[in-house]
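Have a look at these structures, which come just after this line.
The same subunit A turns up in both complexes below, where it pairs with subunit B and then with subunit C.
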Partner chain A sequence: MIDIVLLTLLLVVAIAIIRMKDLFAVIMLSGIYGLLSASFFVAMDAVDVAFTEAAVGAGISTLLMLVVITMTGRSENTTRHKPFPALLLVVITGGLLIYGTLDMPYFGSADAPVHSHVAPRYINDSMQEIGIPNIVTSILASYRAFDTFGELVVIFTAGVGVLALLSIVRRPIKGDKIAAVNDSMHEQHLVIRIVTKILLPFILLFALYVQFHGDFGPGGGFQAGVIFAAAIILYAMLFGLSTARIVINQAFIQLIAATGVLLYGCVGLVSLLNGGNFFDYNFLSNDAIAGQHLGILLIEWAVGCTVASVMIIIFFNFADYRERQLSNENQHNQESP
Partner chain B sequence: MISHLPVLQVIVPLMAAPICLIFKRAQLVWLFSLLVSGLTFLISILLLQQVMTSGVLSYELGGWQAPWGIEYRIDKLNAFLLLIISAISTIVLFAAQTSIEKEIDKNKHTLFYVLYLLSLTGMLGIVATGDAFNVFVFLEISSLSSYALIAMGKNKRALWASYQYLIMGTIGATFILIGVGLMYQMTGTLNMQDLSQRLPEVAQTRTVFTAFAFVIVGVCLKLALFPLHHWLPNAYAYAPSIVTAFFAATATKVAIYLLIRLTFSVFGLSFSFTTIPLQSLFMALGLIGIFIASISAIYQNNIKHLFAYSSIAQIGYMIVGFSISTVTGLTATLLHVFNHALMKCAIFLALAAVMYRLDDVQLNNFHGLGRQMPLTMAAIVVAGLSLIGMPLTVGFVSKWYLLSALLEQGWWPVAVLILLAAILTVVYLWRIIEVAYFKQPLVDNAAVKEAPILFLVPIWTLTIANIYFGIDTRLSVQVAQAAAQSLFGLTP
Partner chain C sequence: MLIGLFNNWIVVILMMIGLYIVIAHGNLIKKIVGLTLFQTSVFIFYISMAKVVGGTAPILADDIIQYSNPLPHALILTAIVVGIATIALALSLVIRIKAAYGSIEEEEIQRQDNQIQADKKERKQA
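Now for the complex of A and B:
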């Protein structure tokens, strides 16, 4: 029953996103969409996925898109052409997907191939082989550690890509002017600023909790990194970029992003040098289980570092770009009269 | 250490990328990337040797047995591809520093090498792995880095080209993911070897049919098969020249590899070619692609555009060879993957040299270039002859195998069409040769000199390879044939 309600809501939100012309509303709706899918995942007992979706889909991606619309403007351009062939193609693709569902094993049936081939070993043996209660973490951090490494590199690539496209040499900042813009803007948000200041330590602490609790409950490096980054971004949004920059500068954050990937890879290399295969954590320590624990702890930490720093890199570069645009406009305005 | 070669092949460039980001100094990063790429080339040679003598190599990542953990599985087919990719990457990197000095802002040079190594990693990862989901992960690495690399082009239109590629590439990757998800649902496994054993049991279900449709369409988007090729010409034309040289020789080849791997190794020959009319479909699309792209190439004035269309046409040849689905046909495709990498890399590197000297690759700037840049233009001519399929060049070898595969089946009308298409190739090459050798240099370009030595060495290495492998076909034909035979299950 709850599934049907959630799916209907998802559908309604999706249609609203398509119909809406105001981009600000679209972004808010996509945040809601993320939250709804997260709830749907919870209803399907996939709490780890739900947590990630809530942190990424409903959280940080909404923030990043908000930064983007400060540059592009709020309303969608009207399109002149009517893309009927495209609609046709989408309908065919959707039709094919529905056709594909016809022979699927029944949802939740115990003898479906997904439940009877590889899964039993994960469920029965992971406790002896890896020794941590959260099976999801066992799979993604040990059995399929290489995929997770790949995902981390995907995120790293995204960060480098944004740097390559948006970053330019930093000019000496004319500090007072930018600060002035920030101040006038932030006078109005006094309450929010104070509440944020009180909340920030708790958000950061929560991020660390999520980071180190991934072995036992839902959580881990991806979610923790995103939450951590969200705290920093919140700070930057309310207190201005230049203030946030005092805490975190570009070169430092790039170093952290690179170190995360290197740390993850080095865990693999160390196990390789100790005589095991790449990412065979059993070889990290004399005791196999201790090795697994150590390996998972280190790679989760590596993931947290890179994810958090890449999110911050992306935000800072977009916001920076906007700030430069603004100051150019200001200069232009001052020159013209 | 030898037993770890399969994973080192991918890990070495992967770990080098973040190290580059820390180094910062562009010149240093260039030398480091060159060293790393050379090392991956060395590893790929050792791997190919091992595979040719002792058969398939399997490497269990994390020490977990195959369907539970991820497996790297190197057989003749992917060892051959690994060799091509790492060799091309190394040769291209020789010219990279000189070329990007003119085309990319100085403060972005480090980032360029980071992205370059990441896209190399992605391609090697797709090829080396024996796990269907791992393919998707590395596909994302290679795609994301290639979007960024293409967008780094000097021309503003590079951004738009990259955006177009991003949309098409993302749809392709999503389709592949949906397909892999459906396969997982029906079999409970992601390992390719395991999939190939478990898929036949459920082959007659609609879900597997849908899975097949999605992965094939996804891969075809990536390999720019006609009519899904629209992203390619602009992406190649506006990307930094060095990026074009790298991608033209490798990116679509990786997609061709995926197509072969999925149809032959995962879904199996009988499912791919008898249950579904893939043969006639691919034959038709391949042929139409050859003609439409060759004809479009004739009308291009931007030479990078021209050769981008020519690449689409060459993909058509590979697809025709693939669609014959015999040992000879597949050998022809694999040979052409190797040979086309040699030709197109030589041509696009030569164009990078022209770009370096002239800042432009419009046809009217080529006036009299045959006298001003004799070595560069000579390389384009030799590689062009190879593209047409002249005897004594590599192009002849792959055309020969393609034609004999067609005649084996008695499909002589197709063979005639293939020969006719060669005439179109002559036409678009002649336009360049005519302008470069039979026209006077433009007054504006009077001061243009031959390209720097760092361009000429890699260009001529490739050009000589074009002739060498056209005469001494032992390496390429032997490996391609062995790979094709093992895919048909004739040899282990």
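Now for the complex of A and C:
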């Protein structure tokens, strides 16, 4: 019953997103949308997914979009691009899709085709083969490690892409340094700053807990990476970019991002050299189960490193670009009068 | 039937709302929000497919007989993080478009592009 309520709420939020003109409100609503879908995933027993969606959909993505609208402006143009043909197209496509769903197995039926092929093996045999209770981690890190490797490379590539698009080598103009814009909240919001200072160690500790407890409960490298990055981003927002840049060295964090991907690939190569298949952890150690444990630990660690550092790189580059823009505007303002 | 397929229908409607935003709205940020709506609807589709009535979260424990299907969970978990990485790439493209055109409205960008084309033609004729 609760899932029907949540789905209806999702629909309401989506309709509100269409109607809103103010981009700030749209982005806040999309954060609410992410949180609602995370709650829906909990109701659907997908605890790992809910964890990720709560950290990503409601947290990091809202934040990144907010940083971007500070640069691009927060109001949307009211003219629509061919609304009636678009509506017609959408209604026809939706109608066809709904016609297609009539053949779908009903919600929650245990004999649906999706439950009949490879899933029973994961559920029945993963304890003997992998030896960890969380089946999602077993699939993600061992049975389908090759897929996860591909996805990690996509994340890394996206980080490289953001660097290529936004990061410009700083060259000082006529010898003088670019004036740093102090947009930190150093003078204001005392309560938030102190509470953040108290909470930060616990957030980081929680990220590490999620990282290493992913074998036994919901969690793992992806979630831990995002939570770790969220803590760093919170610090950067409250204490200003220039302070955060001293804490987090950009070259170092880029190195960590690349090292994570390298470590992941190396785990595969080592199992190849030991006589097994690529990512066959049974060959990492004399005991097959111990090999699986070692392999999963290493690649979860690799995933955590890359995800956390790519998220940090993305945020820092966005904020950096904004800071440069603001300092250029300030210079213009000083020159013009 | 209404309850049995309700999830799928909501997924279709959410997906179409996302598609409509991508087609009809000119603002690039709004388009990206539309894409995330579309993307999340696919996640909801996969996750509701994985649910088995009476099942529980796929973490092995004694005296539990029925688990929900863990495979779609593993697929969607990675898809969410890949999604935010690609959206960040899209957002950085938007930032560069704003720097180059001074606007993130599709029609304004199109107008400026047409202007440049027209100027080039005029110069060729002259």
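Couple of notes before you dig in:
Please note the rule applied: the second predicted complex is superposed on the first by the 320 of 337 C-alpha atoms of A that agree within 3 Å, B and C clash if a C-alpha of one lies under 4 Å from a C-alpha of the other, contacts with A are read in each partner's own complex, and residues count from 1 in each chain.
What we mean here is this: a residue touches a chain if its C-beta (ideal position, glycine included) is under 8 Å from a C-beta of that chain, and two chains touch if they have at least 3 such contacts.
Fair warning: this is a prediction, and the values are worked out from it, not measured in the lab.
The superposition on subunit A brings subunit B alongside subunit C with room for both. After superposition on the shared chain, subunit A has more residues touched by C, the comparison being subunit B against subunit C. Once chain A of one complex is fitted onto chain A of the other, the partner contacts of A:122 extend to both subunit B and subunit C. Once the two complexes are overlaid on the shared chain, A:72 sits against subunit C while remaining clear of subunit B. Of the two partner chains placed around the shared chain by superposition, neither subunit B nor subunit C is touched by A:246. In the superposition on chain A, contact of A:190 is made with neither subunit B nor subunit C.
Once the two complexes are overlaid on the shared chain, A:198 sits clear of subunit B and of subunit C alike. Once the two complexes are laid over each other on the shared chain, residue contacts for A:114 go to subunit B and to subunit C alike.
After superposing the two complexes on chain A, the shortest C-alpha to C-alpha distance between subunit B and subunit C comes to 6 Å.
When the two complexes are laid over each other on chain A, subunit A has residues 97, 101-102, 104, 112, 114-115, 118-119, 122, 144, 147, 151, 154, 158, 161, 165 in contact with both subunit B and subunit C.
Contact residues of subunit C toward subunit A in the complex are 1, 3-10, 12-21, 23-30, 32-33, 36-37, 40, 43-44, 47-61, 66-89, 91-96, 98-99, 104-108.
Only residues 96-97, 99-105, 112-119, 121-122, 142-147, 150-151, 153-154, 156-158, 160-161, 163-165, 167-169, 254-255, 257-259, 261-262, 265, 268-269, 272, 276-283 of subunit A touch subunit B when the two sit together in their complex.
Put simply, subunit B touches subunit A in their complex at residues 4, 7, 11, 14-15, 17-19, 21-22, 59-64, 67-70, 105, 107-108, 111-112, 114-115, 118, 121, 125, 131, 133-134, 137-138, 140-141, 144-145, 147-148, 151-152, 178, 182, 184-189, 198, 202, 205-211, 213-214. In the complex of the two chains, the subunit A residues touching subunit C come out as 3-4, 7-8, 10-11, 14-15, 17-18, 23, 26-27, 30, 33-34, 37, 40-41, 44-49, 52-53, 56-57, 60-61, 64-65, 68-69, 71-73, 76-77, 79-83, 86-87, 89-91, 93-94, 97-98, 101-102, 104, 106-110, 112, 114-115, 118-119, 122-123, 126-127, 133-136, 138-140, 144, 147-148, 151, 154-155, 158-159, 161-162, 165-166, 216-218, 220, 222, 225-226, 307, 310-311, 314, 317-318, 321, 325.
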